[in-house]
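The two complexes that follow have subunit A in common; it is paired with subunit B in the first and with subunit C in the second.
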Partner chain A sequence: MSEWLESAIARGQDNQDWLAPKRAQALDALANTQWPTRKTEAWRYTPLKAVERSSAKALDSVSDLTPVAIPNVSAIELVFVNGQFDALQSTKALPTGLTVQLGQDLSADQQAEALRSFSNIKPERHLFGLVNDALAKDVLLVTVAEGIEIAEPLRISSLLSAGAESHTRVLVRLEKGAQLAVIEDVQSQGDSLSTAFVEYDVAAEASLEHYRFALQTGSNLTIGGSHFQLSDKSKMHSTIVGFGSELSRLDTDIIHAGEFADAKLNAMYLLDGKELFDLHATVEHAMPNGTTEENVRGIVADRARAVFNGRIHIHRDAQKTLAELNNRNLLMSNKAEINTKPELEIYADDVRCAHGATIAEIDKQALYYLETRGISKSKAQVMLNFGFINELIDLMPNEALAEWVRPIIRERFAQMEVK
Partner chain B sequence: MSNLLTIKDLHASVEEKNIIKGLNLEVKPGEVHAIMGPNGAGKSTMGYVLSGRDGYSVESGSVTLDGEDLLDMETEERARAGLFLAFQYPVEIPGVSNLEFLKAAVDAQREARGEEAVTSAEFLKEAKAACKQVNLPVSFLKRGVNEGFSGGEKKRNELMQMLLLKPKLCILDETDSGLDIDALQVVAEGVNSQRSADRSFIVVTHYQRLLDYIKPDFVHVLSDGKIVKSGDASLAHELEAQGYAWLQTEPAEDELEG
Partner chain C sequence: MSEFYMTEQIDKALAREYEAGFVSDVESETFMPGLDEDVIRRISEMKGEPEWMLEWRLSAFRDWLKMDEPDWALVDYPKIDFQAISYYSAPKSMKDKPKSLDEVDPELLRTYEKLGIPLIEQQMLAGVAVDAVFDSVSVVTTFREKLEEAGVIFCPISEAVHKHPDLVKKYLGSVVPKKDNYYAALNCAVFTDGSFVYIPKGTRCPMELSTYFRINEQNTGQFERTLIIADEGSHVSYLEGCTAPQRDENQLHAAVVELVALDDAEIKYSTVQNWYPGDEEGKGGIYNFVTKRGVCHTNAKISWTQVETGSAVTWKYPSCVLKGDNSIGEFYSVALTRGRQQADTGTKMIHLGKNTKSTIISKGISAGKSNNSYRGLVRMNPGAEGARNFTQCDSLLIGDQCGAHTFPYVESRNPSAIVEHEATTSKVSDEQMFLCQQRGLDPEKAVSMIVNGFCKEVFKELPMEFAVEAGKLLEISLEGSVG
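Here is the complex of A and B:
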């Protein structure tokens, strides 16, 4: 076992609070878990040496970190600094129908109920999810009341000082027919280690718009999960943008627990240098008549490595399921690496399920052609290859957010070199 | 008058194979030079080396354009300095519209010269006029760059780029290949319309046919990576009559020296 995990378990044992029963379960599971090696399927291409080497540690909350401003997006802010909820920077005046509470502030009855929801959607198999179960201190509970539509997006920011370790956890519940947009974002000053997990319970006819930005590069170790449970006729539309770092790993789970649920997941990643980005996306169709559309697209430069594991599991009763999974990649260098693996498990016989993965190389001839006309290499590259990423940005329901992130992605791409 | 282009004792290789072996050439403003020669002589390589294509490395020698060291520049800088290479096989680029491509090229070059950007409306007008001049339907502006164009349409598209970019030196790499006589005339007329005292051309061709329409001031024979014979337009006719077989029988210079 790794020293890092042993230390995490030891620290977890000190957390004797309202979540103690769940923490104990997680610690038991961790104690019986092998620290992943190359032979561990879920971590086959993603070594955890960086975690073992990490010197990030829990730091006090500091006030000089603030969430980055997004032009034309006025969000309801929920801010964590170094893993602790920062009430001062978080929005206090909440719209009617939206409640945000810290677990430790709940009544005993409410805590008992919250305890049942905690780790109810996030599957137990996620190693760092278990670590998060044990170590996340300020657990936030967000609820949108029945039939309420919240106009402004809710942004959950996890801010980290240099060298900080943090573990944040949020449970979001959309009651029947409720509507909410959530932006998950981690911003760090470097050399950080964070686990950020959010569980979404989307009740019948509710609709969730979701964004997750993993834009930490360099020596930041960013690990997290977004886990969704969909009920009858509920909807979700998720957009994930990932840059790589020494370790950037995201697990998503979409569970169709009701009929006629509709899930869309668009993910894009752009990696450079020796960065790594690993997306494990699992969709469980447990009930009939669900639809899932998953588009995952990436550009990988230099010696960077992308890992995409797309699992779709259609249970025996999930008849009339429509599920599509598509992964497209562009390699910018012959040392870049993409490990893409669709995993379809289909036990129902009346379903439509399609998948595809492509890996293309940058068209050097076309690049040269544009350069001979005076167009700079970086501009030419954007002209030639940004389109397939841009398509996914165009699909973001929040236009202002799309206009914010588009130039950030374009800039990153323009700086990548063809090798 | 000073030279627009000066190539001195240029040696260049592709994948460690020497292709250009001591090329010398001087082009003055307004001149049209034809480079002829058999397959494998290095005609296309010359264009790629001058434009700075990846994988084409210069071993020795020098090239100046307007007194500037051309070999020291990136491909896009060479273009901005006034070099234009019309490709033998223009590249198809689906997903990038011809208009977007042309505007990006013109914008980049204007910006490099410190000129103001043209508005989209102005540019569209110019591009439509250029289309008309090279006999391409205006709808080609909306299509992907060269995507699904016939051979002749691709060559006319090259010419259209030349009209819009107004280079100082145009290298036409076998622009006549794959063209029927009508298309050839359109291209030749386009080129002739661009001849001026401050614009020079290097017309690379295997056949003399194109030179009936674009009258060169000088004709050079390129063989085994260097110019082995130069003359006026009449040399092209000689070559047409004799072919290139005589090159094998006439010993090359270095062999004489050795």
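Here is the complex of A and C:
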């Protein structure tokens, strides 16, 4: 076991609050966990040396950190600073039907209720999910009441000072027929270590729009997960945009716990320098008649490394499932690396499942075509790269968010070309 | 079609008895179960091996003791007691090696006949040289002279150790190192026999070479060792097929096959595997833990084709190391599981050289309560400039109690390399069945036709004799199992 994990376990034992029973479970599981090595399947391509070396530590909340503004998006803000909920920066006047509560502010009865749903969706196998169980203090509970549609997106920002360690946790529940859009992002000043986990309980006929931006680069260690449980006839549409950092790892789990649920996941990663980005996307079809469509695209330049694991698991009862996964990658340099593993595990016969994965470089003919039109090679490359990713950006339901992220991506490509 | 009818069909198919299930009565000389250095020394002594061979075995054994059994495959079986296995069994009548078929124990010949391997007929009609392995000692080698004329060496590996020590020393363990994996190490320590093939420079082997394997003695493990060397510019097609008699105790089969294709050479290796799969409850049946790998030098080509219908547990990944520039690796596979069978099979294509190409076509068919997994690796190393891979894995599910899985690892470290992977899973569609039946085909024929179509891409890669056998094997295995 690593020293880092030992210290995390020790710190977890100090937390004696309403979550104590869940923490005890997590600590128990952690004590029996092997620290991942190259032979640990879930961490095969992602070494954790950076975590072991990390000097990030828990810091007090500071007031000089504010979430990056997103033009033309008026979001309901929920802000964590260095792992602590910042009520001042968070939106106070909430629309009718939306409640946001801190776990410690709940009545004993409510806490007992909340305890039942805590870590109910996030599978136990996620090592850092367990760490988060043990160390997250300010747990937020977000609920959208039955049949309510919240017009503005809810934005959950986790902000970190330089050298800070933070563990944030949010439980989101959409009651029957409710509708909500959520934006998750983490921003840090550098040398930070964060685990940010959000669990989504999407009740029957509810609809969730989800965005996760992992745009912080550099020396940050960003680990997290978004875990979704879908009930009968519910819907989700998720968009993930990831830049790499010294270590950036995201686990998503989509669990079809009801029939006729529909899930869409569009993810993209754009890596440069010596960055690492690792996306593990799991889909569990536990009930019949579900549909899942996943599109994952990546561009990897310089010495960066991308890891993608896309698992689709069709359980025995999940007849009439339709599930597709498509992973396309562009490799930009001789020193870059892509490791992809789309997986199908199928125990029901009347299903249609497919996955595909490709790795190649930019289409030379397309590049040549643009060059013959007088466009410089580097410009042409940016155009082609952008086009490849923009196909997924175009699918974002929130056009204002798409408008915000497009120039950020274009800028990233322009930087890639300078080297 | 009524649901009842479908169930009936499935039941009928699942109740099919293993056709090759019988034990022939040949007196055998068999070691007591158990494994230690003494057993290895005795195996080596029985074979009259030189000192270097014994040392090689012993060092592999010492490595093996320190290794762990792999546990990553999606298969589930009781822990193997390696001390309960007997590591040597030879038909007694082999003591004074027969020179021709007439001298062979008639009981042996009858065994082959029951399995549909008429040696004499093959000699006369098929033009196939047969090195038949009955348990651990090669029994008959035919067409030796004709091969000798061409300069081709095709003999039991135990003989090659004596007659061609330089080739054996140079290439044995060069593709699959002693410590490669747990079962390969065990094989190195205790292998009893297998085939050795050497094709000289620029030679096209005048016939297809073939070995039929057969596990016969109760409680014996079968540890085959095959080494095929195709020298520069040569060509060989090698056929391997097997079937085994019925019994209750699980049997371990841990073979190692090494292929070396030197510059401009081509090796085509085809397998039809039909070991005893166990009964309805998965009792008995062979554990087939095989390591097969080939190295391609410049412009060389290795093509693996396999039709896997047998064994209780299969753990097998015929692979190609594409070392030389412009070399080609191919893997064509049909794996059918039913009853309680578990198969975890696939391939590894390691691209090292420039402009290397690989093609992977894998067809998995799961029926009954079986589990069938494709597990593959495609790796483009930094030097694999302009390399190309295409992978297609299709799974067909028959019945709602089975599983079909795909675990492809794709790793690329060269931007000019192109990797494509596709996988699909579905059942035999109701529309296809309806269409066929509307045209007067009974459901059984329709299924057989659809499955044959599903596997066509692989079957067309098989040599003629095997293609016929494979189609038949699949048809029998699938009898009525779909509605």
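Here is the rule we use: the second predicted complex is superposed on the first by the 401 of 419 C-alpha atoms of A that agree within 3 Å, B and C clash if a C-alpha of one lies under 4 Å from a C-alpha of the other, contacts with A are read in each partner's own complex, and residues count from 1 in each chain.
In the analysis below, a residue touches a chain if its C-beta (ideal position, glycine included) is under 8 Å from a C-beta of that chain, and two chains touch if they have at least 3 such contacts.
What you see is a predicted model, and the numbers here were worked out from it, not measured in a lab.
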Partner chain in contact with A:E41 - subunit B first, subunit C second, else both or neither: second
Touching partner for A:R316 - first (subunit B), second (subunit C), both, neither: second
First, second, both or neither for A:E345, with subunit B first and subunit C second: second
Partner chain(s) touched by A:L331 [first = subunit B, second = subunit C, both, neither]: second
Touched subunit A residues, subunit B compared with subunit C: C
Which of subunit B and subunit C A:A360 touches, first, second, both or neither: second
First, second, both or neither for A:G387, with subunit B first and subunit C second: first
Footprint overlap on subunit A, where subunit B in one structure and subunit C in the other make contact: none
Subunit C-facing residues of subunit A, complex: 41, 316, 319, 329, 331-361
Partner subunit B, residues of subunit A touching it in the complex: 363-366, 368-377, 379, 383-384, 387
Touching residues on subunit B, where the partner in the complex is subunit A: 51-54, 74-76, 78-80, 84-85, 87, 90-91, 93, 95-96, 100-101, 104-105, 108-109, 112, 145, 161, 165
Residues of subunit C that touch subunit A when the two form their complex: 72, 74, 380, 382, 395, 397-427
